[in-house]
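The chains carry the letters A, B, C and D, assigned in the order they are written, with residues numbered from 1 in each.
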Amino acid sequence: MTTPLANGVHCVMATPFLPDEALDLASLATLIDYLVAAGCDGILILGVLGEADKLSDAERETMVRESIRLSAGRLQVSVGITHGATAVARERALAAQAAGAAAVMVSPPPGSAAGPALRQHFVRIAEGLEIPFIVQDHPTSSGVRMPVEFIAGLAPDLPANSCVKAEEPPTAPKIAKIRELAPSCQILGGLGGVSLLSELDAGSHGTMTGFALPDVLVGIVKAHQAGDRAQAKRLFEAALPLMVFEAQPGAGVALRKEILRRKGAIAHATVRQPAPLPDPVSLGILDDLLASASVRVTA
Amino acid sequence: MTTPLANGVHCVMATPFLPDEALDLASLATLIDYLVAAGCDGILILGVLGEADKLSDAERETMVRESIRLSAGRLQVSVGITHGATAVARERALAAQAAGAAAVMVSPPPGSAAGPALRQHFVRIAEGLEIPFIVQDHPTSSGVRMPVEFIAGLAPDLPANSCVKAEEPPTAPKIAKIRELAPSCQILGGLGGVSLLSELDAGSHGTMTGFALPDVLVGIVKAHQAGDRAQAKRLFEAALPLMVFEAQPGAGVALRKEILRRKGAIAHATVRQPAPLPDPVSLGILDDLLASASVRVTA
Amino acid sequence: MTTPLANGVHCVMATPFLPDEALDLASLATLIDYLVAAGCDGILILGVLGEADKLSDAERETMVRESIRLSAGRLQVSVGITHGATAVARERALAAQAAGAAAVMVSPPPGSAAGPALRQHFVRIAEGLEIPFIVQDHPTSSGVRMPVEFIAGLAPDLPANSCVKAEEPPTAPKIAKIRELAPSCQILGGLGGVSLLSELDAGSHGTMTGFALPDVLVGIVKAHQAGDRAQAKRLFEAALPLMVFEAQPGAGVALRKEILRRKGAIAHATVRQPAPLPDPVSLGILDDLLASASVRVTA
Amino acid sequence: MTTPLANGVHCVMATPFLPDEALDLASLATLIDYLVAAGCDGILILGVLGEADKLSDAERETMVRESIRLSAGRLQVSVGITHGATAVARERALAAQAAGAAAVMVSPPPGSAAGPALRQHFVRIAEGLEIPFIVQDHPTSSGVRMPVEFIAGLAPDLPANSCVKAEEPPTAPKIAKIRELAPSCQILGGLGGVSLLSELDAGSHGTMTGFALPDVLVGIVKAHQAGDRAQAKRLFEAALPLMVFEAQPGAGVALRKEILRRKGAIAHATVRQPAPLPDPVSLGILDDLLASASVRVTA
């Protein structure tokens, strides 16, 4: 009944802001065009990189509505709906579904723990949904560790074609184990792509992450899926220095927005305060990394 | 220009829910009447006990509007507006002020640290406000420790009559130190009242907390302010077993709602899921404690 | 084969230091005499209050040897042996047993989680021990939450007469649940005694905690065990203001040592640096609380 | 007076164990020879990778004595001495100095915070030392964030030639800032080398980290110091996939020991329990990464 997410690249999307920190809908349009042109299969809005914890509910609704409208069927739009209350997350899930979202993504609420209460939280949110449900397994942001057995045990009670965004390192062995215990489950990697090659080797169906050069992610995943691992590896290794740099804790969002700005995808690199701004040293490194990554990827 | 909060008791208010977890506005009315009858000077809505992290923005707005309307001038209504973004917290502050709130309260966003960026966050939210700004110092919920010097240093850049809700134990010495460094600052205790007597001795101007027998808090604070410390102590010690029991981590909200239900202040003890429910052992203890507390307080 | 710990009061003992922070063995002798005189059944050395994380291994060994020697059979001496490595904790357990300890106590290593690996850690340490093994369940210091089912499931693989130090609040319902699932397990409360009465009501066999007036703990537990709950309650409520004050996070060790010093149990209130020292405000409160507690307990 | 650490590569050394988890001194000898042959300037023993928190004091002493003896002047031996008590850390510092250590390294104790008390802790440990003092800035293991101003402010009160191991990402801008504020301070990078190139660009004097192919680190640092940044970059990028893989949280120690075993540097990949063991998936990835890294580095 549910339509599965494409096996491929779902870009975790930044939320563009004007210099005064208001939503920048003009940049939202150019950003989505940029992601379409890069060959992405879908986007995930209102995730960590999307500064979801810095938006009001009204802004969330605007982002959902406008992202779907501007994608115009060219991208599957998944929506982060994490919230501390089951009832509110469920309301968000239903609203996203009604607006035309391709899937909803939920991370464990802060202070929860893998166990019956968290299971109940996920299952109640997902009840009767007609779009896939993505369980985000990212202990760095949620503070919650979910064993493979817990995650695999959720599958029977989630909608068909549900998915795991596997982001507890080391990711490759965890992905292999989930594939074994819950073979019907779709698995996407994340973490900025720094382990993308080994995740694909371990059986992931693609990635859902925010690396600012999404065409590179698309190239890696397509090559791997076409059986050309050598090419996937070549592209991955060329991108890795930038991936690692971008994925450094405490730097990510502002740096990624700066890259998007330089690529013309958005007009301003504004992040909502309070948040660290990129320093001159990091911006200098970025110049160097972008030059290298571009040369080699396009070679 | 700003009207100060009363020196006295500001009850941290629960958010009443129906059995299906929807807002229970009928109980909101009876709860406010209960707090007025108890002699409270004010209430703080949308705090931790108010399950603020489990409400949608629309529900927040309803709570602000209805609490102020139902209080009808009988209580000062302070509003918790903590949010991860300066811009959204500021929007909430202005909305609360426009709705007639007596003050707004802000806790440091998760992951922040005492320093220039956090200072800037507070100051930008407070800019131009015409009601007091309450800095909540509760590391247990925020994860952020603020030294006395940092808190005192905020005072000059906050609206007149601004306030600290001092909840980093041990509270008494911290209150004494803030009084010394920022004499114009109003200071209210919290933490369920378990250190109320020593907080008053140290110079606090009252308390802002959620103990479910607010008439007892009022009795303690009034006696202390009238110079009858012996009576304040007698009342405090009679209430302490229940205060300690209520304030246990992992039990608080559901237990307090159960007491409020038994007192007739609200119709249902529902807490939003996921959350622990009171177990039979705790409910049995509650019977015993309530009986004891009532006897002695009314004696 | 193993000798059980007494059902009663096991005082968590401070480690006395000279003003230069060296071990103060003369005070160790007077402290042990004080605890014997108070009617304690046993002591727990090298716990959190014993500043175990601030001692060298050589100092640990001295504390074990001298505490057992000075107790001279008048007290059961339990020894905290928590360590990050199974192998080292086991070595410590065997050394404590050889030295004449009554039991050993282990808390989960930092970063561990309830599951097979932690279970294996406990079971390997305990293998073949001929003294009881105490599982300390104190998430505030360990950072690890252990569900009731996990704790109860350990019992069959630990030595006979093994024990749980139940310190995850709310403690009473957890104690009742462990009694139900592992009826052979001995259970002692802790947490400074602030929930002692409800813990005994819930079926605990006594307490293992560091309240600085241990004669009061003995009075409460004896009265309760003798069926005189009203007297237990009277004593508990008289002590509670001091218990709550002592148990405040960030104040405990130094304040308790100061009380012990005033009682003549130790010569110096020195705590090892870095650690907060008691401030004048807290010392003033202490004067008042000690006066009140003494009057009423001796009444 | 003090002898500075060499500007170059100080390898963070694993502690070799026999299959029964006892110290493996034969492997210690071969490991040191391996690091000498790789061209390292020094080693850091008893760090996180050295499983320092899983050793007894007696084992620590053995490691210090034997590492210095086996190095036989071929390597500078720095010693991790982090401890919860100032007094014990100082005792360890003096013992390491007496044994012939080149430097001592200290990380903030758990639960501490940048401020006067932590400053006092460092300064008291370092008082009168005649070897450099290394401040380890690694919030991931210590839980403590130290602003640049705090770190730079320590320099005047530490021994001459003292050093910072800069491991708070993003590392490059922090290194540049420390260089600016404390120009006399030596700065070494870490974090498995994943940001080594940008750290050197930002002014670091080398690295102190545990990447299992130390000859590669040496090649990168030497090329950079000789002004051949292109060669440094080539080597860095060839090593990066393995560096990233090794540095994944939850995998590091066991994987690095496995590489060292395969290289013949140690006889067994044993890690002390409790600790995760490498899974078959990770071991498979390692085969692939090692093959790639070797080919290209030696090309």
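As a convention for this text, contacts are C-beta pairs under 8 Å (C-beta built on N, C-alpha and C of every residue); 3 or more make two chains touch, one makes a residue touch a chain.
Note that the coordinates shown come from a computational prediction; the quantities given were computed from them, not determined experimentally.
Annotation of chain A and chain D: jointly contacted by B, C, touch as defined at the top. The most distant chain from chain C, with centres taken as the mean of CA atoms, is A. One finds 47 Å separating the Cα centroids of chain A and chain C.
The centroid of the Cα atoms in chain A and the matching centroid in chain B are 38 Å apart. Once the centre of each chain is set as its mean CA position, chain B and chain C turn out to be 34 Å apart.
None of the residues of chain B touches two or more other chains.
Residues 168-173, 176, 194-195, 197-198, 201-202, 236-237, 240-241, 244-245, 248-251, 279-282, 285 of chain B are the ones that touch chain C when the two sit in their complex. The residues of chain B lying in touch with chain D in their complex are 113, 115, 145, 147. Every residue of chain D that touches chain C in the complex is listed here, in rising order: 21, 51, 53-58, 83-88, 91, 109-110, 112, 117-118, 120-121, 124, 272-274, 276.
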